[in-house]
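Every chain is named by a letter (A, B, C and D) in the order it is written, and numbering of its residues begins at 1.
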């Protein structure tokens, strides 16, 4: 224990090292052969616990915030400020009858929610939640994350198809089309980050965003022109990938009576709900890692606050953004949805790829040339945006009203 | 090592065999996905980490979607104009496969393979340098092929407009 | 600090803009405009960065060379060069281009081919910038020809007008005449030195070793290789910069849109010739010390420059088209620059080049503003009275005129022209340039006064002038910027503070004593005054009332005026000599083609035809019967075999698999044995 | 049995399974999936010889990457073909597409 010495760098601060110290204290008495296994189990348990609680309180926060935005209080009966509401919901979901339609494909109907939750969870393994706080360290962890995430649409398809219900099947088709369409910009927007950071490892990418320009301007990718563009594309695609409003076509209540969820009830339904929030949290965590500097503090003077707290703050901000968007945007039509992806996001991400490449190639420009570098990069974002946005909105215009002529 | 690989091989092989034998097309496709996932894990166990993730991303994330779409778009109509397939064909096919299988199996198990130590892992950086260096032309060609294939697929699958006529 | 290895970015930005603009659909009118503006702004920023770096070390020639290709043992190498001359010129070109681009947006707003226009402009600027940063004569020639191509496209931009198409062709063909000399000079230089790089760490053609070798190579008649190469390269500059006797294309090139005239034929493109001569100045001056040379290369440059300066000024006196007056004025001013290079003062030439770019661009854009306002009326006899209607344009035009005629002490043209005259006065070989320069001063003041009086004073004498009103803000803004530059650009190179001179040569230049050039300044000021007074007395005192009235000069000396108005019959002379020669050659070729070669071809054809007839007879009656039988048999056999083609893909595959397996088994057994 | 043997055996088994799908099953989609499985088997061989073989460098690994990309292209075009066939013939049985027979 090195508690006595004054912290020389932020990495040595006691609070910063608290999770690692705790783990060592818990596994210290075990024989050496068992220690990594128990440590792994501990990480899994921690992730499950933290994100389970996050899920519980996200549902509450969503209901309360939506309520406030719609000028009503939201749940406030169970416990102080409704704080016990999630647990009441959980008990209700557990005790409800589990109905399976007779015509359903029994195996797939059972498997779908389980697979979905499992796939939503495993992506979290490679997120660095703080300095030295990553469950699995590997070279290609970004690729792993997206490979794990790519399979979630299969689970949704299974749910829709196994229900033997035409609405559910329609939802499954929609989910496939939507997820294929948005997988492309999601991945394309990540590539420039990989090019600039020169690594596929999440820890390396976070490390590449350390430091400040002039002590004030963090080297986060989202604070460069190309990075900002990629961040925006990533967030829009993430919104669609997690089936959130305004891209919630597969479960559109008003058209498909909840789509693939129609034939689910009780605990399985709750699992779907949980998977949605976990997926949202995983994608947000990835966005924080790739673009918002991961666990890096925004200012050098704020480094005394432990890194995992910074990560948590950024993650919560992004999640609140998801809720805010849900409260304010109307749902898209399926043709608008695919059009937005293929005609706007994908070209934008492709151009941004070149932009990021130029940025990486000109990394040694300093002084006045650095200003030119920023200028070129900003031009590479603004010009394609203007032209793509114009071609996207061509044909839409202010509605003209025609009145009967006297 | 051998034991672990053997178990994983079974995990991979059982869904694949089941996929070929099952009658329900959707089950078959999903079993294929399971087989591909198993194969990805197998790659991971062998030490090809990058390949494993690329494999999972492409097959589980991409190919399976296309397959499921195709299945849903081509569900058989009420009347199938063809007579049911004869068992004779199946017997012929199985016989041919049995021939191949016996050949492959015999050549694998009766060849004395040199027992080598596993060579050191290849770092991701090295792989990237290879792709951007000596294999750059190949990489660009593959990109071109993919683009052409996707556009071609789009044109093939797109329904003809009635104005263009044709026998569709 | 931009390293020399990244200088290529400066021309690359507009080139990319041009490429995208060329590929864009015709309906996307604004895309090329936007791209061109963004690219040229980027280039301007980069040029300024480069200039700052170059000024930090003015004597160093920073180069980045690379091998283009290797043929046998000869490696052709290209490169980029960062020095104050090139950097300063590229800043000037970019700055003027930005202003002209902005002006063009308003000037050509209604034109359906706006996108094409900006694409061509981008291409032109890219080529020009490439020419400026090139460190290789070969690369310079490539960009030089691209500049020619772009100017051809731009002069002929309104190609549905026959006159514009003809002018574009004329400009292209006549500059090619000079470029032939350039190419020969380049080849000779490459053959003699084995390199086309200017600076290559001691091995370049402008460095001491190569220059000594060139000067030491003596040809019959006392000429040296350096003289020959220098004169050939100068021929290229004569064509591009509109020097006598190849000046005839420049006035005709005013058929292009006026912003093009401002950009190409005043500020930048014609400056390429002067730039070339300044760039290869060490080569041109290599034969200076040798007494045996009959005509030194620089002497020829000085003589041609003097003749051009005088000729341009004289011809400008009798023109009535606004832009044509300015065009001949450009010819004359380019003559001044060549004259300066010829007498050894290449720094003065570059100084005048920069000031001239500012005020000539201003004058051309001002005339563009007038023409735009007067509904495309450019004959100064039918204008008039615009001083009150277009006050802003008038004032800026006056400022430009002041700079061109060289009003003392304040205006930029005064300082640069003074530098040239001072150098010409001190030239030991001949007084011709000095006298020509002084005469030119009087004439310049005279014809510019004439132009201003005719255009802006008096009463309107035509439809266009009557309805004219001030141009929009987008057009007057560049005028304002250029007016400030026209006045102030001269202050960087005054004798009392020779900042530009010391930066360009890379060595500190001492400030001149006031008494040294004071007499000359006073004298030339008096000459300017005489010119303006004469112009005012003839045209300003009683402004023209009727558009069809005879010119005061024509009333006095009708025959001289007619000769000048006909541009001294240069075009007719070329038509009668060169043109007739070419037509004769063409007629001879046509005759040969029709009667001699045509006969041979006809005979061959007849023989082939007869052979074919015989062949056909043998074929049809003899051979075909046999082949028909054989084909029948083949078809029947094929019908039998085609039954095996069942259409069952999986059946085929089964056969393939079985075949492959059997083959593999055979191979394995064969391998065992 | 060495690890190499296991890999090769799995590869052979996958190859034969794919072959069965190609030769016996009548459904065009399953035929295509069988082809994919055979490609996977080939990839597995590359990986096995890269890892346990006599050390021929990283060529095997790179080749597998290209092979996966080409397989993806093949799947896209193949499925488009299946859909086009279905539009013309109203079925996706391979045996139905036999118009070019002699």
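One rule holds for everything that comes next: a residue touches a chain if its C-beta (ideal position, glycine included) is under 8 Å from a C-beta of that chain, and two chains touch if they have at least 3 such contacts.
What you see is a predicted model, and the numbers here were worked out from it, not measured in a lab.
Visitor: I want to compare two interfaces, C-D and A-B. Which one has more contacting C-beta pairs?
Guide: Between C-D and A-B, the larger count of C-beta pairs in contact belongs to A-B.
Visitor: Hey, how far is the Cα centre of chain B from the one of chain C, in Å?
Guide: 61
Visitor: Quick one: chain A and chain B, Cα centre-to-centre, how many Å?
Guide: Centre separation, chain A to chain B: 30 Å.
Visitor: Centroid from C-alpha atoms only, then distance chain A to chain D, rounded to Å. What do you get?
Guide: Comparing mean C-alpha positions, chain D is 34 Å from chain A.
Visitor: Which positions in chain B are in touch with at least two other chains?
Guide: 50, 54, 62, 69, 89, 92-93, 96-97, 100
Visitor: Touching at least two other chains at once: which residues of chain A meet that condition?
Guide: As it turns out, chain A has no residue touching two or more other chains.
Visitor: Out of chain C, which residues touch more than one other chain, so two or more?
Guide: In chain C, residues 650, 654, 657 touch at least two other chains, as defined above.
Visitor: How do the chains pair up in terms of touching? List each pair.
Guide: Those chain pairs which touch are A-B, A-C, B-C, B-D, C-D.
Visitor: Can you tell me which positions in chain C touch chain B when the two form their complex?
Guide: 650-651, 654, 657-658, 660-661, 664-665, 668
Visitor: Quick check on the complex: what are the chain B residues that touch chain D?
Guide: 1-2, 5-6, 9, 12-13, 16-17, 19-20, 25, 28-29, 32, 35-36, 39, 42-43, 46-48, 50-51, 54-55, 58-59, 62-63, 66-67, 69-71, 73-74, 76-77, 80-82, 85, 89-90, 92-94, 96-97, 100-101, 104-105, 108-109, 113-116, 118-119, 122, 126-127, 130-131, 135, 138-139, 142, 145-146, 149-150, 152-157, 159, 167-168
Visitor: Applying the document's contact rule, which stretches of chain A touch chain C when the two form their complex?
Guide: Residues 366-369, 371-372, 375-376, 379, 383, 387 of chain A touch chain C in their complex.
Visitor: Under the definition above, what is the set of chain A residues touching chain B in their complex?
Guide: Its residues touching chain B are 108, 138-140, 143-144, 146-148, 150-151, 153-154, 157-158, 161, 169, 172-173, 176-177, 179-180, 183, 199-200.
Visitor: Mind pulling up the chain B residues that touch chain C in the complex?
Guide: For this pair, the touching residues of chain B are 89, 92-93, 96-97, 99-100, 103, 107.
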